[in-house]
Amino acid sequence: MNQSSMKSIKIGIVGLGRLGKRYAENLKFNIRNAKLVAACSLQKEELEYAQNELGITHLFSDYGEMLKLPGLDAIFIVSSTDMHARQITEALKAGLHVFSEKPLAIRTTDCLEVEKVAGQYPNQLAVVGFVRRFDPSYRYAKDKVDAGAIGVPYLVRSQTVDKDTVADWQIQYVGKSGGIFHDFNVHDIDLARWFLNSDVSEVWSIGGAYKYPAFGDAGDADNVMSTCRFKNGTMAVINASRTAMHGHDTYTEVVGTLGTLRIGRPAAKNRVEIYDINGVRKECVETFWDRFEEAFLLMARDFIDCINNNRKPELEISDATQATIVAEAFTKSFKERSLIKINS
Amino acid sequence: MNQSSMKSIKIGIVGLGRLGKRYAENLKFNIRNAKLVAACSLQKEELEYAQNELGITHLFSDYGEMLKLPGLDAIFIVSSTDMHARQITEALKAGLHVFSEKPLAIRTTDCLEVEKVAGQYPNQLAVVGFVRRFDPSYRYAKDKVDAGAIGVPYLVRSQTVDKDTVADWQIQYVGKSGGIFHDFNVHDIDLARWFLNSDVSEVWSIGGAYKYPAFGDAGDADNVMSTCRFKNGTMAVINASRTAMHGHDTYTEVVGTLGTLRIGRPAAKNRVEIYDINGVRKECVETFWDRFEEAFLLMARDFIDCINNNRKPELEISDATQATIVAEAFTKSFKERSLIKINS
Amino acid sequence: MNQSSMKSIKIGIVGLGRLGKRYAENLKFNIRNAKLVAACSLQKEELEYAQNELGITHLFSDYGEMLKLPGLDAIFIVSSTDMHARQITEALKAGLHVFSEKPLAIRTTDCLEVEKVAGQYPNQLAVVGFVRRFDPSYRYAKDKVDAGAIGVPYLVRSQTVDKDTVADWQIQYVGKSGGIFHDFNVHDIDLARWFLNSDVSEVWSIGGAYKYPAFGDAGDADNVMSTCRFKNGTMAVINASRTAMHGHDTYTEVVGTLGTLRIGRPAAKNRVEIYDINGVRKECVETFWDRFEEAFLLMARDFIDCINNNRKPELEISDATQATIVAEAFTKSFKERSLIKINS
Amino acid sequence: MNQSSMKSIKIGIVGLGRLGKRYAENLKFNIRNAKLVAACSLQKEELEYAQNELGITHLFSDYGEMLKLPGLDAIFIVSSTDMHARQITEALKAGLHVFSEKPLAIRTTDCLEVEKVAGQYPNQLAVVGFVRRFDPSYRYAKDKVDAGAIGVPYLVRSQTVDKDTVADWQIQYVGKSGGIFHDFNVHDIDLARWFLNSDVSEVWSIGGAYKYPAFGDAGDADNVMSTCRFKNGTMAVINASRTAMHGHDTYTEVVGTLGTLRIGRPAAKNRVEIYDINGVRKECVETFWDRFEEAFLLMARDFIDCINNNRKPELEISDATQATIVAEAFTKSFKERSLIKINS
C-alpha cells in the first residue's frame, strides 16, 4: 500500500496551551494522513485559536462530549499532568487510540490502573510521549548501541537541565508536577532503561535548593543527582537542574566496553560558531522545544503510522509506568536521605 | 489575515528526478497553503510516481500544456540546468509565478534574457533557489552580521565540498553542468555577495584534477580555489571539492572587524559524538540534501508566503545573474590562467 | 631576592621506575635551583641509569644510608605505594623536606600516623603529589571559581579513565594498590574537595567488572561510580575506568549557580583535528603522563620554590589523608553494597 | 654516547628584548648541554637583566667583541630584523654556529648573500627560527602527511592572526618589519612549502586597512590574503590579520586526496571549557608566545642537539630565503594589484 492510499486518521486534541498548540499545528499542517478535526479546552481563547488559526469546527469544553464525536479515530492529550491518566482511560473506553504527553501519572498506582485498562483494549494504541526516543540523534545512538558499536553498555549519564528562567509560578507548580524528579527526570529514566536494557533496582538521590531556597521551602530542589543500580548490574547517574545560565542542556552519555556515545553536547542552538571578545563559542538552545521540535513531529508521525500500519509502538505503557516508579523512588530517597530499593 | 484564511496556491512542478521528488513531497505534505496539482516529466516512471505516491491527476509530458492548466498559480522548475532559463520565461509569459532550482543559466547572456522578461512581469514572482540563504544557521549569521555583531565584514571564506562519490556519470555531466565553478560555487558566490554587500570586481581561480585526472581531461577539475576582490575593497576565497572523504562539507566563514562567524563546521551528521578506537569524533552529513533538507522546506514555504502576502523575495533574479557572471569569470580565469576583471 | 641568587636545593630520589625516571630527569635538567645529587633503588639497572644518564655519583641501595648524606635538603619519593608512609616519616626524622608521590597510604591509620610525625617537624615540608592541582587548566579553573565566575559551586563530576591496556600484571597489582578507588580516584576526591571547599560526609559506590571478570574475581572492578554528599550540602559523582578505547580521559566538571567549567574534554592528544573516512576527529592522549607531563614539572618546581621562599604549599598532608579516608569509604560502600557515612 | 657525556655548548646571545629574554631563559635553565655564557645588547637594562637574573658575566655592547670571546660555540640572534643578515654573516666568519630569529632578511638579495657565506662554512650551522615546525601539533601533522594519512596534499590554508592590540608603535614599525606579509606570513609560506613539497610559482595578494586606516596610509594593511600556485600544481591561501578580537589565532589546514588535517583551531588557551551566559566557549591564547612557548624550547633544543650530534637541521638557510622571496612577491602583488610570477 503506498502513501497516498493510507487512511486519513481523524484526531481530537485536548489541551491547547503552549505545547498543545504546537502539537495541533503539527497535526494540522505537517503530518500526512492525519486530520485534526476536533479540539477540547476549558479556555475560550484556546478554542478560538483552534477555530481561527486551524479552521477546526468541532469545538468542545467537555472532554466526554468530544469522545462521542462520530468518526473520530484518536485522541491527543496535552492537558495538565493530573488529567492524563483519567483522560487516557476514558478515550480507551470510548474505543479510540490515544496519545498522551508524559508523564503517565505522578503516582505509580495511577499508572498501574491505566495499564490495566489498556490491557483490556489490545487493539487500541495507548502511547505516552517520551519524545527523546524520537530525536534523530538519540535514535541514531540507539541503533549504534544495538549494532554493537560500543560493545556492552554498562553506564548511562543523563540529564535534563533547563535554562534558568525561574519564576514564581514554577515554585507554585512544584506541587502539581510532583517535583523535579517527576517533572525533569522521567525522560532520563526512560533513556537509561532503553540503553541499558534493564530495570532499576536501587537508587540514591541527593541535591538541594542551591540557588533558589524557595524550592527547598516547597520540599523540592533546584538541582538534584540520582545514582541508579540496575538489575543487570549496570549503572546510571541522572541529573536535573533548573538553573543553567547557558541554555537548555539535555544530554545523555552511554558508555560501553568498546566505546562511548555522547548525545547532545554542546546543546548548540545551530551551526554557527562565534569568534569574539569572549573567545570561541556556540550559543545554546533556549528550551526543550527548540531542542526537540523535530522529535515532537516525528513522534506524532510515528503514532499515526502505527495506526495506519497496525504496528506496535516501540514504547509500551509499562515503560511509562517504570519511569514513574523510579521517579517516585528518587523522590523518596531524596526526602528520606537513604538508599531506596525498588521491588518490581 | 490569519493563516487559515490564506489562499491555497495551486502549483505545477516540472522535473521529478531525485531532487524534484523532494520538492514535490514538500509541496504536497509539508507546506500549508500550497496545493500541488500538476506534474510534468518526460519520464514515465516519474509521472507514475506523481500519480501513485502523491495522488496528482493532472500529468503532462509537455511543459507548454501544463502551463495552460486552468487555475494554476505557480510553477516549480526542478529540471536539468539547461532548461531553467527557457522554462522560467515561458511560465512568466503564461502569467504564472515561477520558482526555479539554481543556477539560472550557465551563460550570462541567458541570465540577462530571463531578467529582461521578468522585468516585463513585475507582478509575478521569478525566484531562483539559492537554498543556503534559507538554512537557519546561515540566516542566523546574516542577522547577526546585519545587527553589527562582528563589526564591518571584510572577508568571506566559503566552500562547497562534496563527499567523494565520484562516478563516471559525474565526469560526463561536466559538459552539461558548466563545470565545477558553476555547479558548486554559485551558492558560495551568492553568499559572499550577501555577507559583503558588494559585487565581485576581479578573480583568480586555480586548481586541478588532483585525484581524478579524468576531470582534467574533460577540461574541468576536482578541486578549485577562487580568490575574489569586491568593488568595496573586501575579499573572498571560494573553494570547491569533489573529493572529500569525511562527508559533504559546506562551510562559510565571515570575518569582520569585531568578530568572526563560522557556519557549518564541522558538518556534523547529528548531535552524537563517538568515543572509540579512532579517538573522539563526529560523523558528517553525506549529501547537500542531508545538510539542507530543512532549508529546502523553508525556501518553498517562503515562496508560497511571498505570493500570499504579495511580498518581494529577498533574493532577486539579478542576484542569480551575478552568481553566473562570477562563475563564468572563475571558469575563464582557471582556463586562461590569469586574473579576470568583471565589468558590470 | 632575584632568581639567580636562590639557593640550590640538594635532592635525593628514591625509586627510579618509569615515573621515577621522569621525576629525576625533571629535577636534573628542567628545574632551576634544584640539584639532584643522590639516588636510591634496589634495582641495579636503575642505579646504573642514574649514574650513566644523569651523572649522579651518590648511589644507594639502602634508603636510610641516603638520608645520612651530608648536605642533602630534600627527598623525592617515587617508590611503590606501600613504602610512602614509612619513607616520608624517616625523611622527616632525618631533618629533610620530603615530597612523595600519591597516595599517602592505603589505610587511613597510616595516613594519620604520618600526619602526626609531620606535625612534629613544622619547619620541614611534607608534600604529597596531587599532580592535577598543578595542571594549568585545573589551576585556571580553580582561579575562575575562586573569583566567582560560576557563582557558588555545588556539583563536581570527576573521573579518572585509563586507556584499556589491561594486562595480567594490572590484575595482580590490585592487592598492592588498594584497588581501583585508591589507585584511580584519590585525585578526583582531592579535586572535588578543592572545588567544593568541604569534606565528604556520605558516599555510595557501585560498579562492576564489566569487561574483565578477573578484576571481579580479585574483589575489584574495572568500572566504578561513586556519589558523594558533602558536609556543606554540595555533591560530587566520581568515576573510574580501566577500559576506555579512545585514550586516557581524565576529566572534571564544576557546576555552579552561574556557570559550569569543564576541564579536559576531549582529552585531545594535540591541536590536530583529522577529517577522514571516520568523520571529524581528535586523537586522545594515551596515558596520564601524556596528559600531565607539564603538571609534574610545575609541581616539582613549586616544591623547590616553597623551600627556597619558605612558603607553605597549598596542599597539606591532611588533604592527602582525606583522600585516603574517602577512597576507603568508597571501597567499603562498593563491597558492602550500602551507603557509608564518614565521621571526621 | 649517552646524554650526560654530551658536550656542553657555550652560547652567546644578542638581543634581550621581550623575546630575547625568553630565549635566554630557555638556554639558561631548560636545555641540557647548553651553557649561556655571554650576552650582547645596546640597552643597559638588558645587560643588567643578564647579569642579575641569569648570572651571566660576559657582557657586551659590541657584537664583534662578543664574537671574539674564547671558547664560544654558538650565537643566538634575537635582535631586530634588519640586523639578522649581517650578524649571521659575522658569526659564521668568526667560526661559530649561528641561530637567528626569523626572518632571515626583508630583501631577497640580503638572503642570497647570507646563503653564499653559509655555503663557505659547511661545518657550521646557520639556522633561521621557523618555530612552527617545532610545535608538536605541526610536527605530528607533518609526520601524518609524510606517512600518507591524507593521500597527496594539494591545498594548504594557513594564517597568522594576531589579537587586536594595535598601538601606534605597530604602525611605525611597518617600515622596519617590511610590512604585514614579511612580518606575519613567512611562517605560513614556509609551512605551505613544507607540506606541499614544492616552491611557489605565482601569487595574488589582496587586502586592506579595514579597521585601522593608518596602516593603509603607511602603505601596509591590517588584513591580507594571498593565493599561491605552486610549481607542482598545488595551491595555498595564506591570510594575515592584525585585528582579531578573540586572540592569537595561528592556524593551518592541509587538504589531501584522502583527508584533511587542521592544526590549531580553536586556538584554545587551555583545556577549560566555559558554560555561561555567553553559551559554551573556549578562551583563546593571547599571543604567539602563549601558543608556541613549547615550540621555542624544542627548537632551541634541536639546535643544540644538531651541534652535539653533528646532525643537519631539517630547515636549511635556503628555506628561509624562499620565505622571503615569496613574502616579497606578496608585497609586490598587493602594491601593484597584479599577479606576480616567481622565477627561481
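Read from first to last, the chains carry the letters A, B, C and D; within each, the first residue is number 1.
Please note the rule applied: a contact is a pair of C-beta atoms (placed from the backbone, for glycine too) under 8 Å apart; a residue touches a chain by one contact, two chains touch by 3 or more.
Computed from a predicted structure; not experimentally measured.
A.B. asks: Can you check which chain pair, A-B or A-C, has more C-beta pairs in contact?
C.D. replies: A-B
A.B. asks: Please identify the chain with the largest separation between its CA centroid and the CA centroid of chain A.
C.D. replies: Farthest from chain A by mean C-alpha position: D.
A.B. asks: Quick one: report the Å distance separating chain A from chain D, using the average Cα coordinate of each chain.
C.D. replies: About 57 Å, centre to centre.
A.B. asks: Report the inter-chain centroid distance for chain A and chain C in whole angstrom, where each centroid is the mean of the CA atoms.
C.D. replies: Between these chains, centre-to-centre, one finds 43 Å.
A.B. asks: Taking each chain's centre as the mean of its CA atoms, how far is chain A from chain B in angstrom?
C.D. replies: Once rounded, the distance between the two centres reads 38 Å.
A.B. asks: Which chain D residues touch at least two other chains?
C.D. replies: 244-246, 258-260, 268-269, 274-277
A.B. asks: In their complex, what parts of chain B are in touch with chain D?
C.D. replies: 151-152, 154-155, 204, 206-208, 210-211, 223, 225, 227, 229, 233-235, 237, 239, 241, 243-246, 255, 257-260, 338-339
A.B. asks: Applying the document's contact rule, which stretches of chain B touch chain C when the two form their complex?
C.D. replies: Residue positions touching the partner: 244-247, 249, 266-269, 274-284.
A.B. asks: Considering the complex alone, what residue numbers of chain D touch chain C?
C.D. replies: Going by the criterion above, the answer is residues 2-4, 28-30, 32, 52-55, 135-137, 140-141, 144, 149-150, 258-265, 268-277.
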